[in-house]
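My questions will all concern the structure given below.
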Amino acid sequence: MIDLTHEPIDTAQLLARVGDRRAGAIVLFVGVTREFTDDRQTAHLEYECYPEMAQTKLEELVSQVRERWEVCDIALVHRLGRVDLGEASVAIAVSSAHRKTAFEAGQWLIDRLKEQVPIWKCENWADGRQEWVHPGLESPSHPARDES
Amino acid sequence: MIDLTHEPIDTAQLLARVGDRRAGAIVLFVGVTREFTDDRQTAHLEYECYPEMAQTKLEELVSQVRERWEVCDIALVHRLGRVDLGEASVAIAVSSAHRKTAFEAGQWLIDRLKEQVPIWKCENWADGRQEWVHPGLESPSHPARDES
Amino acid sequence: MDPMHVSVKCFALARQLVGAEKIDLELGDDATVLILKQTLAGQYPQMEPLLNSSMIAVDGQYVSDAFRLSPSHEIACIPPVSGG
Amino acid sequence: MDPMHVSVKCFALARQLVGAEKIDLELGDDATVLILKQTLAGQYPQMEPLLNSSMIAVDGQYVSDAFRLSPSHEIACIPPVSGG
């Protein structure tokens, strides 16, 4: 299950989707909108994507996980549009017989998603300014920051 | 939040508990009762613990996580008594500003829990036999197996 | 050399800088991705810093500067991504 | 040497093997954990393989064989754990 959606992410549904008779472990990663990044305050985020390519890239990454690890199932949802404070922007659930696999596969998948999948975040800071986040691009006002 | 309970584990509640204004990432680990371990079929599991010591050990481990990693919050529940197929026996949620911390801390915590906390699992196999799981102890009928 | 007409999809800051979701360009008929980038930077100088760290995708796959374009390709400018 | 009376909590397979949640033992007044284990193995020979891979906890902390017991201690036999 791979989904790009404007609706709030239902993590309980994701966990249920990866249930499997051979699964002994489920790892769920949730990226949430944090209010404070160091001392800067966020009002909300907005995400946009290149829909066809994002879907294709996510499918490729999920296939690569299945080649590299013995996972039972994978479910991944990325939210688009406005995401309010504390809400999930992305959730990835991986089930497997043993926990090490689920941890490794889940972490690999979110790392690759953040490097490769054409989705972009726009910070809407509490002071009213908007700022597209483009890691590695010099921003005159703020140095590059780590994301979640 | 640390809990040892005979009730089903509410993972949504755990996720909500670790929400934090500085959290950008939440990692949830869920250990579930798998039906098939290789080709052996489980009917259900039963867990027992040494309650006071288990609580104390869990508190120590959570304190150690807080010393080693900059986590926002941690919530941990272990179930006791009968756990049916597909149900959660343990769930650990860790929130942090950045995802690497939450993955590392969550994995460390479940690894240590499985090594140190006085909780025991009894396999109730589909063929009617019961078997306490004591890793490293030679079982005449079955060699030691990895758990989830 | 006949001209080739292509459209380039723009996202995030790229979309904001050019003020459109798609821009049309005229390139030589054997144009590569490198030439596309140079043409873009020439017509939209405000894009240059972003272009230097962006990828070009053709039909949904990242391609190198040497990739040769054709008018049937779906071309997109992919600034550094920040999903998750 | 005055005798010391202690109880040992038993869990999981240990509980099953001795048929009780708690067993009472008489030890010498300077008994260590090692002596406790030897006494247990002597009185419950069926426990010996499990005891060899078990830990002893005193007042909720794992202790070594050299640890000296006193009657006020809460003592437990902790077979290899399998929570999670």
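So that you can tell them apart, the chains are marked A, B, C and D in the order they are listed, and the count of residues begins at 1 in each.
Methods note: contacts are C-beta pairs under 8 Å (C-beta built on N, C-alpha and C of every residue); 3 or more make two chains touch, one makes a residue touch a chain.
If you're wondering where the values come from, they're calculated on a predicted model, not measured in any experiment.
Steps from subunit B to subunit D, taking the shortest chain of touch contacts, total 1.
Between the CA-based centres of subunit A and subunit D the separation comes to 49 Å, rounded to the whole angstrom. One finds 73 Å separating the Cα centroids of subunit C and subunit D.
If you average the CA atoms of subunit A and of subunit B, the two centres end up 24 Å from each other. The set of subunit D residues touching two or more other chains is empty. For subunit A, the set of residues that touch two or more other chains comprises 31, 110, 147-148. Taken pair by pair, the chains that touch are A-B, A-C, B-D. Those residues of subunit C that touch subunit A in the shared complex are 9, 11-13, 16, 49-50, 53, 57, 60, 76, 78-84.
Touching subunit C in their complex are the following residues of subunit A: 31, 47-50, 52-54, 56-57, 78, 89-90, 110, 113-122, 132-138, 147-148. For subunit B in complex with subunit A, the residues that touch the partner chain are 11-12, 15, 19-37, 85-86, 95, 97-99, 102-103, 106-107, 110, 146-148.
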